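What follows is a set of structures to go through.
One chain, chain A, appears in both complexes that follow, with chain B as partner in the first and chain C in the second.
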Partner chain A sequence: MAADTTQNAAAQVLPPPRTEVGVIGWMHANLFSSRLNSALTVVSSALLLVILWYGLRWIFWSADWTVVERVGGLFLIGSYNTELACPGQNCFWRPQVSLLLVTALLGMIWGIMGGGVAKRIAILAAVVAALFAFLPYSLDDMGWDVRFLLLANLPSTALGWAVARYTPLGQPRWAVAWGVAVFLITLVLQRGLPNVPGLQPVSVVYWGGLTLNLILAVGGISLSLPIGIALALGRRSNLPVVKLLCVVFIEVFRGVPLITLLFMSQTLVPLAFPENFPQNSLFRAAVVITLFSSAYMAENIRGGLQALHPGQAEAARALGLPGWQTTLLISLPQAIRNVIPAIVGQFIALFKDTSLVYIIGMVDIVEIGRVFISRPEYLASAREMFVFLAVVFWVFCYGMSYVSRHIERNLGVGER
Partner chain B sequence: MLNPNTTLPRILTYQGIPVWRHAQIIQWAAQIASAILVVALVMWFFGNMAFAIDDREIPFGFSFLEREYQTPIGEHVLPYESSDSFLYALIVAATNTLVVAVAGVILATLLGIFIGVCRLSPNWIVSKLATAYIEFFRNVPLLVQLFFWFYIILELPTVREGYVLADLLYVNNAGISFPGPVSSGVTPAVVWLVLAVAAVFVGALAHHRLVRREDETGRPSYPLVIGCVTTVGIAAITWLVLSGIFGDAPFSVSTPAPQGRFGRIDGGVTIRAGMLVLLIGLVMYTASFIAEIVRAGIQSVGRGQTEAARALGLSPVNTLRQVTFPQALRVIIPPWISQCLNLTKNSSLGGVVGYTDLTNVAITMTQTAPAINIFLMLMATYLAMSLTWSLIGNLYNRHIRFTG
Partner chain C sequence: MTTNGHTVTDEEIITCRDVHKWYGNFHALRGVTTSVKKGEVVVIIGPSGSGKSTFIRCINRLEQHQRGDITVDGIELTNDVRNIDAIRRDVGMVFQSFNLFPHLTVMNNITLAPIKVRHLPAKEAEDIAMELLERVGIPEQSDKYPAQLSGGQQQRVAIARALAMQPNIMLFDEPTSALDPEMIKEVLEVMRELAESQMTILAVSHELGFAREVADRIVMFDEGIIVEDQPPDEFFNNPRHERVKHFLSQIL
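Moving on, here comes the complex of A and B:
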């Protein structure tokens, strides 16, 4: 009896077979589970090795990255600080102050949301900004004030965090207000003010580089969501005239390539306004990009509204909520939550689309790269340049989708 | 009892909803107001434009369409000469866009399905490679990718020193040349193509009928074999008959070969560099989106479906082909259509890599013809293309919904 029990106990604690656990078990399950799978493993690892071998050899050995180093600060601001744009002055501090405000905003968001994604993004942004001060960029001729301003991104992030943490300003609505303020201050700083010493106006034709892409993207993102919501509601409304107008708007803007619209914004739109009407090319481009994006946004949000069970709205009406409260408090929040991936996908598309403004003669980050490699001495560096640009865009776009996945997980989409 | 002389409290005498709170009246007022606002805005725009046209003598009108374009178009599928009219040049350019759009959609769909299935593979390395592909290509602007491929192709050796594979495939910085069909005369070629398309329809019809017979009676009817044999048979017979009538085969195979001192490649089919770059860029970019759509579609099919199919004894391939994929299609088709539309619109970037697509030609035209009219035609053409895509998508959507 006793021997029997011990034998049973021993049988129960027998270790699992070696082929089921640890590295071997993992490989067995994921790489060599069948003959086909093993063949796939061999072929794909050969492919991977070839890619890695040639890729790494190119990156570290044969590629010549001097062109990227040479362009340096121009990637960020374009020809903003040239003699043409800003005669007799050093205007580099203006985008830099904007950068300080942005890192403060990121610090503030970190302070409000606590650790996690916000913390990582804030620290990464501050460190990268501060590291620019030490790189052998073409900032050399701009002196130490530039470097100090870049280094100041570290304390500014900390300041934002501390303000959010230890003062009553640590609330989401203050962060939103600060975000809007940063965007407006950036616009004013970049544009300059007449008759203010040190803030002489800089024409928008000289705005450029990543700053231009970001201004267009942030403006477009923050405006295309509300416009898209309005269009989606209009398209679903039972008022025939409103519905018709929204459908026509959405289909026209979705059916035509963005570069056609951008071209028209520069050639035809000026004709549609009186000659002395105040307008500039950047503003028109921003409006076109925003409208184009909001047509797509409208369709995404309409998808979310359609997927919503009609019982939600009916219950809200039964509880006595008026129509606009049903929409704003019941339908829209759920609809938007359901289509967060599509909305963020549209944000990413918008950011990528900002690279198209070169078509209308604006010097965004891609165009700066292209101008440089068309110089004789850098003709052979095209690959390096475009790989670098691809990485820059990739970091921003992947960052956005990373944040969206976190938001989705926090909201528990697909789990309820 | 109420004294008839005292007025009733207001609350007891219902006098209807006041005008300013009457839902229907408010709605109609809002509609009329918005319509007036939009019409006024549009009128204002057009008024300003008309004034500008008059005042600054901006050219306007469609008469330019008859004029000779007198500008070369770098790459063209249809025959084109500089003495052709603006209208014909626009048609040539639109054909260029269509060719790239159709070829791009086919290739991107194939690559996208392949990568989407790879992403779901139980093999860890394969699935991670597919994920890396998707995450890289969809997070980089198409423009940057196009420039990258443009310079890669540009750095290939010249025509004289290009790569040659078995005297059949020529790769160089002017494009890719490979053997392909050339027609000896227009009439036999067109007649045979029409008959070949008819043969495909007959074959498809036979396939459809036989599948139904197999479903209804359970007798093996070999729909795929018989359908293919029918198609190939009809095509072959018409080929032979046409060869007999015209004394020459409708098509013959032409192999590319370098000609003359500069080694220019003649014969065969050549995909020139501009189109090649645009196709590579569009296909690689769009495939990453289609792959995600395919993955989401396959994952949307319940696990029980696969398990049931396997339990009934279907092989993994047949499970995917007959059970999972047909159900996934319902989720896949709508976003796939919107990707086709995006690809068509993105082909407007052809100009940056030297491909003369519709947008590129139209923008060149604005230098010698009224820009307003050209942009109107451009918008109308793209809208027509996108509406065609939507129509195909909606028809297909209805088809699978009814039969499913």
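Moving on, here comes the complex of A and C:
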């Protein structure tokens, strides 16, 4: 007779053994699950301790951070406020007004989203900006007017938040409109207008510092996504000419290094225009960076489109949706959300690539650092300078990745 | 004429004459001639690769036939885009893999086409959607996303989505083949109710019990042609074709 394996009593629900839960369970599973694992844990802990010991000792004791203090406001705006760029007046207020507009935008987004990531970022930006007002040393002859403008970032954030909460402007499309307006106002403010007192033109060759990196990055990011989408759709088009043009564009811009493209934008492109045609080296650089990034973006998005089940488009067509609506409402939203990590990766790469404009003579934040450490009195401070620059870039890039993680999580509702 | 409890008129709503379709060198449909009357329920069976799915996908032009004529609801299927869109508005389709839009809620899946294609006001489209969800038995799921539903529920949403365009004809392409047994029943129940409401139905399905009870005609495809076209009783009890007997013996 076969052994009776059925149980008469209902199965009992027991708590898991002590080694499977809590801190001990976690350490057991992740740090000491096998002999090899235990050895690796011990060795890497020792290594980590050594690195932390020497690293922290350098940061707090032997490093000399005066170079960072000395460069001060140059990091933010380069030589924008020098006598050469802005003769006879103080132009520092212009980027500061732009900053006020940006914090108002962040406040507005916070008001629309109602908390979460948007809130944290808006508050962080406003507080950091306001804290600059309390720096003991001078940010380029920082007077009380400058400190006052920096402090005004707090009420400006609150104003943006209040507008979003208590007026009909609290809708995503108005935030987008305001974002575009802020970008354009910033460009006009920085460039100045002829014959307007107080707004005398400042040539783009004096634009610099973090402002330059951010202008190039924001412009590039917000335009390379739509251009990339158009190129991706074009490459999948049934029209042979459109398809060919898109393939050629993508392959040319992907196949040439950005540095080469930047050089060509400054040396070759001007030849294509009449001699007295208004030329703007910053604009040409921005176009090249945007198009370069668009080519990569197009391939990311094409990957997302290709991963879609063909049944999605079929179902939409079977419901009578015309082709363009099928693309716009069904294919693209799914494709884009599937490749958000790749898209954000491209945004981050673009932001870091903006520092390459130094090779065409623009003085971005990295180049400012490089110029300073080549002065005899700061020769010994190269380490401090580059660590500081690394932290600045890391903050912005990690910010993008942080926001994208939250967007992914929010969009992931009900996803496979 | 009344069969299986529903009324079939004499008006032909789908007419196919000598339809041919090639995929590259593969001759998938090799001269299909048949017609479907308004209110009729036709179940299509046949071995895999016999062209049955290709055939019903030709009826709303998800596939293009290369020779012969297909006329649906008085409109001939040509490359004229206006005709194709007009027919697709009139012909609902349900797929084997549901093909719900995963980024939209159940409600938005159903109201999308009525709002965008029929230009209904959102409120009206939502009322219709709610009625349909009640008809398929899942009104409480309207705010969920497709991935949060079981397979049977997803397929019922897909049926509601197709019905929201108020089609005259419903096409089903193996609607229960991807489902667990207990879910097959709930989907067939909805299809049965639909058949009783005088909807014209063309269904590719291997649910022979359903075919026997609900269909007016059972059509068997083999190697790109129709080899048998009979009312259920005749089809099961007195098949004329040797290949039908062989096929039935394999799946019964």
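Operating definition for what follows: the second predicted complex is superposed on the first by the 384 of 416 C-alpha atoms of A that agree within 3 Å, B and C clash if a C-alpha of one lies under 4 Å from a C-alpha of the other, contacts with A are read in each partner's own complex, and residues count from 1 in each chain.
Note that contacts are C-beta pairs under 8 Å (C-beta built on N, C-alpha and C of every residue); 3 or more make two chains touch, one makes a residue touch a chain.
Computed from a predicted structure; not experimentally measured.
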Clash-or-fit label for the pair chain B, chain C on chain A: fit
Touched partner set for A:Ser401, first chain B, second chain C, both or neither: first
From chain A, separation angle of chain B and chain C (C-alpha centres, steps of 10 degrees): 80
Chain B versus chain C as contact partner of A:Met113, first or second or both or neither: neither
Partner chain in contact with A:His309 - chain B first, chain C second, else both or neither: second
Touching partner for A:Ala390 - first (chain B), second (chain C), both, neither: first
First (chain B), second (chain C), both or neither touched by A:Asn37: first
Chain C versus chain B, contacts on chain A by residue: B
Which superposed partner A:Ile123 touches (first chain B, second chain C, both, neither): neither
Touching partner for A:Arg337 - first (chain B), second (chain C), both, neither: second
Partner chain(s) touched by A:Leu321 [first = chain B, second = chain C, both, neither]: second
After superposition on chain A, the shortest CA separation from chain B to chain C (Å): 7
Common interface positions of chain A, toward chain B and toward chain C: none
Complex contacts: residues of chain A adjacent to chain C: 309, 311-312, 314-322, 325, 329-330, 333-334, 337, 411, 413-416
Residue numbers on chain A that touch chain B, as the complex places them: 30-31, 33, 37, 40-41, 44-45, 47-48, 239-242, 245, 251-252, 254-260, 263-264, 267-268, 271-275, 348, 352-353, 355-356, 358, 366, 370, 373, 382-383, 386-387, 389-390, 393-394, 397-398, 401
Residue ranges of chain B in contact with chain A within the complex: 27, 30-32, 34-35, 38, 45-46, 48-49, 52-53, 58, 121-126, 129, 135-136, 138-145, 147-148, 151-152, 154-155, 341, 345-346, 348-349, 359, 363, 366, 371-372, 375, 378-379, 382-383, 385-387
Chain A-facing residues of chain C, complex: 60, 62, 85, 88-89, 91-93, 95, 97, 99-103, 105, 112-113, 116-117, 144-148, 158, 161-162, 165
